[in-house]
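As structure tokens, here come the structures.
Below, chain A partners chain B and then partners chain C, in two separate complexes.
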Partner chain A sequence: MIFADRSARLPVLRIVLALVFCVGAVPAALAETTAQDEESRVTRHVLDNGLEIIVIPDHRAPVVTHMLWYKTGSADETPGKSGIAHFFEHLMFKGTTNHGPGEFSRRVAEIGGQENAFTSYDYTAYFQQVTPEALETMMAFEADRMRNLVLSDEVIGPERDVIIEERNSRVENEPGALLGEEVDATLYQNHPYGIPVIGWMHEIEELNRADAIAFYERYYAPNNAVLVVAGDVTAEQVRTLAEATYGKVARGPDLPPRIRPKEPEQNTSRTVTLTDARVTRPSFRKAWVVPSYSTAEPGEAEALDLLSEILGGGVRSRAYETLVVEKGIASSVGAYFQSDALDDTSFEIYGAPRGDATLAEVEAAMDAEISRIVDDGVTEKELAMAKKRYVRSMIFARDSQQGMARIYGATLATGGTIEDIEEWPRRIEAVTAEQVKSAARRYLSPDRSVTGYLLPATEERS
Partner chain B sequence: MIFADRSARLPVLRIVLALVFCVGAVPAALAETTAQDEESRVTRHVLDNGLEIIVIPDHRAPVVTHMLWYKTGSADETPGKSGIAHFFEHLMFKGTTNHGPGEFSRRVAEIGGQENAFTSYDYTAYFQQVTPEALETMMAFEADRMRNLVLSDEVIGPERDVIIEERNSRVENEPGALLGEEVDATLYQNHPYGIPVIGWMHEIEELNRADAIAFYERYYAPNNAVLVVAGDVTAEQVRTLAEATYGKVARGPDLPPRIRPKEPEQNTSRTVTLTDARVTRPSFRKAWVVPSYSTAEPGEAEALDLLSEILGGGVRSRAYETLVVEKGIASSVGAYFQSDALDDTSFEIYGAPRGDATLAEVEAAMDAEISRIVDDGVTEKELAMAKKRYVRSMIFARDSQQGMARIYGATLATGGTIEDIEEWPRRIEAVTAEQVKSAARRYLSPDRSVTGYLLPATEERS
Partner chain C sequence: MPALLCAPFRIARPQAVEAARLIVALVALAFVALPAKAAVDIQKVESESGVTAWLVEDYSVPLISVRFAFEGGSIQEPAGQEGLARLMSGLFDEGAGGLDRAAFQEQLDQSGAEMSFDSGADAFYGSMRMLAEEREAAFSLLALAVNAPRFDPEPLARISSQLANRIAARENDPDTKASIAWASAIYGDHPYARRQEGTPETLAAITADDLRAFHRRLFARGNLVVGVVGAIDAETLKTELDKVFGSLPAEPDLQPVEVVEPKVDQKILLEFDLPQASLRLAYPGMRRDDPRFFAAYLMNHILGGGTFSSRLFEEVREKRGLAYGVGSTIVNRDYSSALMIGTSTRADRAQETLSVIRDVVKTMAEEGPSEQELADAKNYVLGAYAINNLDTSSAIARTLVDLQIEELGMDYIERREELIGAVTLDEVREAARLLLSGEPAVMIVGPADEAGKEG
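== the complex of A and B ==
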């Protein structure tokens, strides 16, 4: 199973933006795709029990991606119970009252399909990629485990050990991951995004059957889920199959709006230093709380997206060209914006020195790149190029049925709509250089930043 | 009303420790007090509705202190509702179904009494100091507002504005208080002690009638309260009066154990810098998460108490003698231990430079004082002196009826017992120099500290 932490969520919106350009500013090469028009239109339907169904027709190959998204993630956990959302990413592969443990996975494997699952702060999703003939079977299995999971101590105990081991290997043994957790815990003073998706070790260790049942009863229900089916099927076919499978699942309790504690005003500059003998190369990351697509004023999240692209979005970014290519002081640099969060989210930059350069030099050079944008803004040319890079990467995104399904699922599971996705290209296209400059000025201030340092252990430390 | 934040809670245990020496290692000057023995014994009684009653006889003057402690504080608040516990410190002085707004306070004033209230992370308390004849009236009023408070929008709205103004004057306009909040928010990554007692401004602004009613219904009940009466009364008299007043109040819902999210392992060195034009003199504070009397292994909290005393407990402390007197580099230095918390708590040091000395020099000198204890420990002589200073300050504590009532109330409201208070002197007396050294070594490591810097705004800032 995929453990989808912040960085794993990273590519989603980038793909979203890429994809939607396909609908808006259409390059010539894609003209034949959009000509199919009505037939390839993304549709939405809601079952009587509340299950939202999104169908994305894609007839290039006899393949279908079946994804079920639950509108619950680690930020919905009860305080003190961190890790329970991700725990389900494991438990859902155990037995139900109708099927033995692992039976669903074996069936997927037998028919040559693929499957996986991922958990984020705001959602949890399960998916299979199979041939269209197998879609009904997938739906039947998925609908079954939505309510019939066997959550006994015999299941919970051993799986908790697996998750503890997962945390050991992915976090405890990875100083960079540990630092990331500490930066988030420092950045978010009130909001649950400060708590790791996988959970704090001491809380994972205490998760029990009662916690699992409470979470499952509350959140695993058709009226808290979005079914996304992308592939060689029609909306009508999907609806019929869904009625026959998911349609039989009873509606769960009505859930209150997903209102989490908000951040207070950020007014300090903070640092977090992790010194660890396992670190061989120092590095830093710097984070700010910024609005997400869900919380931003119109145009602001789009400007932050293009800011991250121009500042540190790849080998054409300012940071890469200056620090890596020209000055040769950095081995890695970059910027990213966690755009697809339900609540205010983070914008981060990072870097590591190369050769004789010091970490302080790299950090200062990155800070200088930000100051340059804050003071002088970005050029029309680089803004246009940044927008164009989104368009180019769209071609690859369009090729991925899974990518499309993820875009729609992530958007719908965090309160967005199909229209939001369709309007994105126009909103990105409309961003001005002034908006990029003003987003940098407003949000990337040192007075509200958290800088994390990962340092090798040295002997002279006190 | 008193807004009791961390620093306001500070003196309590110090007084506790002081007082209890009175019972244990008794100085000659107090011999006549302890001779009264049976008559001055502190007693405990529980009413049928769950109200716990502690009586502390004190017949020196015809005065009685009547304190009602609720076992709920800001750390018991629902996430996103910070400030609601402290809100009650205001609301409780409004009207009930039986008495108009301010009527209770007017009555106290008319009879020449004093009253006040305070809120902490773990408890909220209300008290009056009056003549013994007025005790029954106080009990009747206090029992009345335990359940009959009028929580209408007309009451909530204006009082919320008062609290917003209180936060403005005490926090927003006090850079030192702002920094304190930010240090706590950084220090506590998971536990609600990271959230200010008064509440985040943006959350206070949203508190409403429904929040108030939910909190009141849940926590304001006899079975979640401790009545402490100190003064010129007998246990029998108090019991009779309490039965006739509080005894009529119905028991509230059974509350689950007060289990809050625990801190993950602390493994980073963090800094928080607040630069503010209102700051004229720079200062720093450094904090660590340490066990409290409630959570510590036997002897550890006692050792931390003596460590804070030896390191920075006053003008006889190492920090004061070295930094202020000998080197003359600091205008203020100190250390304190928030010992009386229900959960793991904080140990802090602080300092500010004097003359030409820099903040960095003062911080380094304080760090050096800690290193000296970590490496070389403390002397038997200074340990004995530190213990003796507690004994001396006891004499003043004993003089304060309110001080005694606070000690018992705070202890009982955070899960302690009368016996805990009585045994304290022996436990303090038993602390060895090795225990003090090892507490410093175990907890005061730079690798798990948070340092806050309060800096004047300067022009060259980026």
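== the complex of A and C ==
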């Protein structure tokens, strides 16, 4: 019962993500065509009730990952009900008319399986990792709770207390997370991405049974879900089992298209400052609204991906080389592009000073790095190496069953296709230095950004 | 058409306790059961220079994952040089042999390999993940890093100050303060109480010569274990092993370390004005090589170990909604073991939470688990091994190294099912009585009025 939020943009995570998650399939040039590859082809099938099924065969170990993605997240919430998508994710672990509270979890535990769930802005997903023999049971339980959940006040009350403690742990206890919420709330002037996934505390406290039931009835149906199964199974087996379990669940009413409030034209630079006694070293982050893979013109999101890599994607990036190694004024710097959102999304940079350097110096140096790309572009060599790192990360991604399931699930749940994932390496390869430069020029303007400062209680921003 | 996933998932299991120390221990402890059917065909490979490795050949993905460990981690640091092992771990890809930082990183990038080093309290680890077709270039860079790290002035100053900055940035963080207070309360003067990350002062004092001396002491063939998974055969691996490790000294120069019993029966209160209070409890543990280990492990699993249906999870979170996460783990280190419980809860109900935990522990100590609970726990720990430890080649390589460190033998995978199956209800009850009957160490971190109350 976890959720993905934007506050977790730490440099180390950025690196891990770049290597593990920001990946697609293996480019054709690198994949030998063998019988084994034929067997490991990713396939799609749609049940009569609308459930989309993706199978990713991987026969290296007798393990299967069963992941059900609902095409609903916190950005789909009714105004005033922030946090309901995540709260509801917790409630899915309670009992149904067929199985008592905790029975599903007990069954998973009994066979040594792993389970969890997560909520993001645009989707909510539930997963179990089990041996292949248990797959049918998992499907039966998951299909059951898609429709038969029992939502009594007795389960709602304590669980709401749990998510309040979750918010305390993840946000209230972490000044960096608090600042992140405020930066997002300032960045998005109209779009619900400005509201935290976990919800605002005062609204979480008011969530009730009627809210939960309304959310369940609206969004939890086979025709609003994508099933991803990765592991030691064939497409044929998954299809048969899914028809026998999920196939019995009636189709829900068709949902209208997910049209969220659009951002107005942004034309101000804003700052948000948080001072907190728990903070001893200052840091900053700066964010812009940019297109995502869903909303970008062809090639633009790919260019933003490579821009984030070249500008601030780890120890080979310009920001690290210049600010951390050459000038020695920063202890950490980086850039991050939240590419997989359904709507326009954000691009961020961050940094913290080292030694006697001031926060203002670090920020100015980061701005200078952006200007340098806007004015002079990137070199062919830099571009080639960034592409190579992306391509390599895709091969490494094949090693993780759960990672692969997440890539496909997140893509399909936000309107993408298997082909998008498979073609992605070629689209990355096609990006030119000119496109990277123009993405920087078009989107990373200081005139329409939000800068967040995290300061010690006594620190003056110089 | 979003083509890739870059969502910053924070994958934390809800039952994970807040203390990073406990989480690390939980991970280290996870290798406790493997169903015989989790077929991992391990080969023992010995190179000409006498370096041995455990190898799992697998050609389904064109990757090779290498993991190795040298016994002797941060507890081998000379007093006053805390953070030495951590600092050293950050410098292996910052220049080696004839290659300065820029040249080394350029070649590493070109070879498409990822290299990382990390230090634990008891061992120093290295990992490399490479594309099979770039194998020779990748192993050559690893050989340079392992044998001839440069510790050049610029990288040394930079990494040292990054580490110091990270420490300074957490200086007023309640959780960090709590971890420091907890370690010194539990371990007293023992090296386990030292801060593995060091302090800004100790880090600033460490020189390149200190690093070279520490490297010479730790990096030897005699305290080395290696695990390799992926697209490589035994003969080829032998050549690569000699290339990387063949020139190291035969034996390390390690200082003896005393065994330490965690100090229980004490109360530690730390005041912070926060909406949440965090609780930590420590009881005696069970050594990994004790014949009663599995009885204790199964007991801990039922009490608060890895599932959504442990007694603590049920009572603290499910029934009362007191916390987001609560859990227990047996922390096994080379020279100490303890059973630790941790949670974070709303400040005004901290005493209630503590008393619920104490009740759950008391009942377990007096009555032990039921027959059914034990049967369920056995099923879980038998089934969970493959999923927890063998789901990626890096995870398998890690497991191969951990099994060797624990000296569990290549047949352990088959034996463990028997060992777990043989544990009786009486043995588990005895373990519960033995570990949980006494007064624990208790630490409360939170607002003064709550932290100060008698619990």
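Keep in mind that, in the parts below, the second predicted complex is superposed on the first by the 429 of 462 C-alpha atoms of A that agree within 3 Å, B and C clash if a C-alpha of one lies under 4 Å from a C-alpha of the other, contacts with A are read in each partner's own complex, and residues count from 1 in each chain.
Just so we're on the same page, a contact is a pair of C-beta atoms (placed from the backbone, for glycine too) under 8 Å apart; a residue touches a chain by one contact, two chains touch by 3 or more.
As the structure is a computational prediction, the values presented were derived from the model and not from experiment.
Novice: Applying the touch criterion given at the start, work out whether A:Thr268 contacts chain B, chain C, both or neither, answering first, second, both or neither.
Specialist: first
Novice: On the superposed three-chain arrangement, identify whether chain B or chain C touches more chain A residues.
Specialist: If we count touched residues of chain A for both partners, the winner is C.
Novice: Considering only the touch criterion stated at the top, classify A:Lys248 as touching first (chain B), second (chain C), both, or neither.
Specialist: In the superposed model, A:Lys248 contacts neither chain B nor chain C.
Novice: Applying the touch criterion given at the start, work out whether A:Arg41 contacts chain B, chain C, both or neither, answering first, second, both or neither.
Specialist: Neither partner.
Novice: Across the two complexes, what residues of chain A are contacted by chain B and by chain C?
Specialist: In chain A, nothing is touched by chain B and also by chain C.
Novice: For the complex, which residues does chain A have touching chain C?
Specialist: Touch list, chain A to chain C: 1-6, 8-9, 13-14, 17, 19, 21-24, 30, 36, 58-63, 93, 101-102, 105-106, 108-116, 118, 120, 129-131, 157-166, 168-170, 172-173, 277-281, 283, 292-294, 301, 305, 315-316, 324-325, 328, 331-332, 336-342, 352, 354-355, 385, 388-389, 392, 395-396, 398-402, 406-407, 410-411, 414-417, 420-421, 423-424, 427.
Novice: In their complex, what parts of chain B are in touch with chain A?
Specialist: 79-80, 82, 178-179, 182, 185-186, 189-190, 192, 194-195, 200-203, 259-262, 264-265, 267-275, 367, 371, 446-447, 461-462
Novice: Which chain C residues qualify as touching chain A in the complex?
Specialist: My answer: residues 1-14, 18, 33, 35, 37-39, 58, 60-63, 65, 101, 105, 109, 112, 114, 129, 131, 154, 157-158, 161-162, 165-166, 168-175, 274-276, 307-309, 314, 317-325, 344-346, 376, 379-388, 390-394.
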